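Encoded as structure tokens, here's the structure I'll be asking about.
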């Protein structure tokens, strides 16, 4: 933690994440309005959305709803997806990777060929098909994203487990007669932890982006639940006439993903064992 | 070597078979009735039934799949339900545009990414380095549809430097390639930086300097070629990322490639096209990885294909 | 008419053009393209819904209204130079009904004698269609059908040359050869189609343009920007909602926009087989809960509020019908009467392209105001249609984007598939699963009135059918969309052809280029 | 080559008061402190000292190749032909490097650019300093390769570094260094990573070239044997400072400094035990061997072909038999790759093997399982790299206690007490139990490994190169500890090493391995005093003797590498047959 705090970028990232998480957690307190309330005065008489102004700070959308409130509530969606979907992806990926990397033989063959198969799928196409198949809802979208995203994790953990299990201290453990469980959980897992944490954080940004893209394509989280992606989706064609409708959620997505990327990167360096005192 | 190639091809074929099976299952389960789709809104039940029979949709699942595979072996990807055209013809018509876009994107990402990474590595731990790395992360963190819309708005609509979407000339290619390439550029910048830092620490760099080589000679003669190794391997993997990216980029820029085709097909649940595009993409990904593996020993003599 | 022929125009589309085979093509985009490539026995006066002859020079109807004899125009040739004869008419009708053709329109020809045998695959040719001589064809019906002449104006009955169909097989749709005003010059998949003027077209002086280029894969917003830069002439997908206000306010482009009606109704269907929509009070409550004015405002006033299934320009539209008022309080009361004082939870299916999810959200908010919590299901068109075709899947569907646009300007076309018992089957388009046998009988009666003299009576009858339906309230008719077509100022032509009710976006045959005048 | 340095020869390089600093998180640290020496034409100056004493830093300071910006020359001068290298700009330094002063590095494996051909890298060295045509450079490159006696020099030019063995790569490095006839050659541990026989070849080569070209050589090494063989003068360094500086004979015979004396004493000397019988002290040395290996064979499959089937095999160990009695140490020696470690791993059931292994009379099962666990109580292993074999994330106390936990022998207080006593047993204090491995020195870490191996009170311990990574002084301590433990606990050791001197010091009996088979086995005296197999003889001859008085003028070294143990499928390795040359001294019959 100390080492983390010594990095300026990491602090900025943490601050951004804290703000967004805070906004999401306390949305009802923070948001000026109900995100689904369609204000009569939120549209001009011709039905055009209002630009950022005094009452609606970030303007209104095409249904006369407050954009700021929708962004704040949308953070909930993005974070739930980021945490749940990514959490599942991390767990599945790590498990597959460890098993394949450690056991080798047919376990390895089956798991890694399956991973190869998943790699060969164009991720977005798969996600789109799945989303169409299961009729999108927040949780379904999270599952779909998880199904697409565990692959990289599995690969990383797999290669690392493989090289770890060849490391001399693991050989030494086995020479002592240590059982599989002990080797896996006491010795291999702790060493994987830093990669898992790092890839987990980086994965959050990937999942948030994928959700945004799915929502952008209209098959993500269902309206009126706001998500940053579907806010852009609903309004994308207005980017010339009402740019704020695309600009603010766009910035929000980039900020969140960037913050998690920077955090992950900082963690990568902090947790990297080669950076620690080794003689 | 030859046996390696054959083995890899066999493996690839198996993977593609797996992809086709999974896709087929998914599409089989999709809650939309193709026969009814084809029949349209005024069709009688009789018509729908006829169509179902002709397409073999009334057959059990495995029979449908086997039929599909047999046709596939003859290069027949089926006929689009709604466009009523051979899927292979549709894909062939659009593939050149997609390939062009990908080539442009690879060019952009290498040019931008490698330059950024190299500069950052040489200026490591300076403000330049930090700025470049934040930029690269911004590239990685920006959804392509946001970048695309932004570029379109600024450079095409406001400044009018580029055409607003479309296909044909070099100018049409710039913005979509950039949009598709920026994500990769971000990764490459990071990879290049760390690869360079890694290589510069290596013993052989010291050897090269001990020979009396100048800094530039050491840099470009010894360090860069070694730093490129992991990146070459990445280009193959990139094709998978591109395959996802083109759906978005092509729809933002109206680029007549297979991404657009896929997207239209998915919206209309035109199953043969979805199958076809998925298989073609999977082929491209598998082929990309394969080529990356094949090229690797040419660049890194230590790698042996086995 | 001293308008010179010549010039060209560029029409842009977002989606690929699918088949141009008249027996198969059935979306609004290829519908009017096919009309320019092919001709049928009947047609409509340009810019109107008035039936007129086309390939038929004249026709006679027998006393009982069951036999139609068409006299063909002499000297009409296909694009390949061969003369069009009565054999071709018969061949085309046989082909469209033949199950192997997989024509979505085969059902329209159900009244022709011998249809059942061909449709069942037992016969190759329709008994009721006979070639009297090379220029005369006789069609016998098994029952009187007031809409038959409209059917003869449908694309499905357009005449195709046998030899070309056999030459191209399943790919005829990519290599269409007809007798229409234009012929297909080039088709680059995914990019563009080029139509060339048919110099031998039988209607002298038509069409005006030498060439039409259709560019596909263009986002509507992009298409509009290109048009404003003079790079395109007609944005085929219309003015994108995002740009509508801007364009309407712009004095320069204002004059380029032509407004017209459309034979279309946007509605919310309620599945009368799924509780609680099996209760009439509930359906009425929903009818009274939805703020249609606001919805029209959301789409920038591009529609007029509707109160009955038929659009205003359709014969049979009841001008005096008031419909259900917007009255949330009364709606709440009705709900309470039905046993749902606190409302209930349900789902609203909607096609996931703008502006439909927006409209659905507005409906959702209105329903919430009377206690109905409707969850949105924004899906691809095919998924929504599939859900509607199941008896127990979609309680409510917003029809936008898939909404009923009439195949031909006759009220009967608005009944059978979408409100009659025939459509209330698995896979049918009657998404409210409303089936009223009595009304079905009335409808059959109305359709057997073939005497042109009793036209008004027939229309009255139809009007009554639709208002009776509203008593049962299986739908909430929300609005009738207006049409706004924009064209570059290079193009000329009567306003009506730019909002032609049967040609979307425009009637290509009558557009002319100002720059060659 | 003269034994006494020619004091009259001109001074080519003069280092005065060199001080090099390295930036650490705790501030600047001086790693080279006031170093001064002169180097004369044709002379060999050895810089000796233990790991971390600043030898490499000195060399890099002279070359101005310090890892910037961490390290820098703080003060002092390095004069070469009247110029102070410390004052030169980078461009001028480029002309000096490789031209006037050339350098060879320790790691032949990583010091050549892996993606460029040997020829390209050689030519480059020539182009930098000489204005020659491509063809001429090619010719020069070929000549230098011939000069370093590389086999098939023409073909080598087109090969990549990874296609050459370590010894060949080191020759290429030397060729590169000598390509421009430098005045000074700095060789930083040029042979540390190589086998003794290869080391002998390389050292001989450096000598020959020095004689031919008159180059002055700075040879950096921690091996006093190499110093004794090569040096004219010696600089002994400790913690960045020179502790002793003088002619080689003087330093070896009359070391002035206490540190030098300690260093020399710690060096194991081959032949030091000549004439002494190795007595097994064990009281209870029964007839039953603790470990009995019969016909042990280990082969590794190499896959290939379309179906990825086994196409060839590495015959790592072929029909090896030996036995180990209680309290006995069997030394296993041989060159790199001959299969020593593989035997160790097979005994620990870590690789699939064939044959029979009995531990304390019980046969080792082939698979895993409860029986597998049981035998491990009697047989334990200590690995080569004490750092790599300890899980860096665990506390050392837990690591040492782990075998007890695994075998369910102790827990809670008892566990802690037993670990504490193990710590004391190996000379550590129990209060160090809560630290992590990286907080210990190399020697301490190896003690931890030993403690861990002792935890189950095994009857035998396999020590695979257990002291090779340690400095001589630490090495001596660890060896003492092992011998002490053996006496006390009646332990048997299978002592695997490539260092003949160490093996001689600790073993009761010795087995010499070559290409997966034992070629000679007997008591220490039998093998070392009367080596019968030609391979054994060659190994012994190649060992440098840390005594300048016994310096040999020419190493009798065979050229070439050992053959590969890889055989195509079905092709078998011919098993050697043994002849007893007396008193169970078995020697393989020459083929």
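Residue numbering begins at 1 within each chain, and the chains themselves are lettered A, B, C and D in the order written.
Note that a residue touches a chain if its C-beta (ideal position, glycine included) is under 8 Å from a C-beta of that chain, and two chains touch if they have at least 3 such contacts.
All values derive from a computational prediction rather than experimental measurement.
Set side by side, B-C and A-D show the greater C-beta contact count at B-C.
When every chain is represented by the mean of its C-alpha atoms, the one lying closest to the mean of all protein C-alpha atoms is B. Rounded to a whole number, the gap between the C-alpha centres of chain B and chain C is 39 angstrom. A separation of 49 Å divides the Cα centre of chain B from that of chain D. Centre-to-centre separation of chain C and chain D, using mean CA positions: 87 Å. Counting only residues that touch two or more partner chains, chain A has 132, 135, 239-240. In chain B, 30-31, 157, 266, 269 are the positions where the chain touches two or more neighbouring chains simultaneously.
Counting partners per residue, chain C has 219, 225, 353, 380, 383 as the residues that reach two or more other chains. If you check the complex, the residues on chain D that touch chain A are 345, 348, 350, 372-373, 376-377, 380-381, 383-385, 388-394, 402-403, 406-407, 438, 441, 449, 452, 456. Within the complex, the chain A residues that touch chain B are 9, 113, 116-117, 119-126, 128-130, 132-133, 135, 205, 209, 212-213, 216-217, 229, 232, 236, 239-240, 243, 246, 250, 253-254, 257-258, 260-262, 265. Those residues of chain D that touch chain B in the shared complex are 63, 65, 90-91, 94-99, 102-103, 105, 107, 110-116, 124-125, 128-129, 160, 162-163, 173, 176-177, 303-308. Here chain A touches chain D in the complex through residues 167-179, 182, 186-187, 190-191, 273, 276-279, going by the rule given at the top. Of all the residues in chain C, the ones that touch chain A in their complex are 219-221, 225, 240-243, 245-246, 294, 297-301, 352-355, 357-358, 360-362, 364-365, 375-380, 383.
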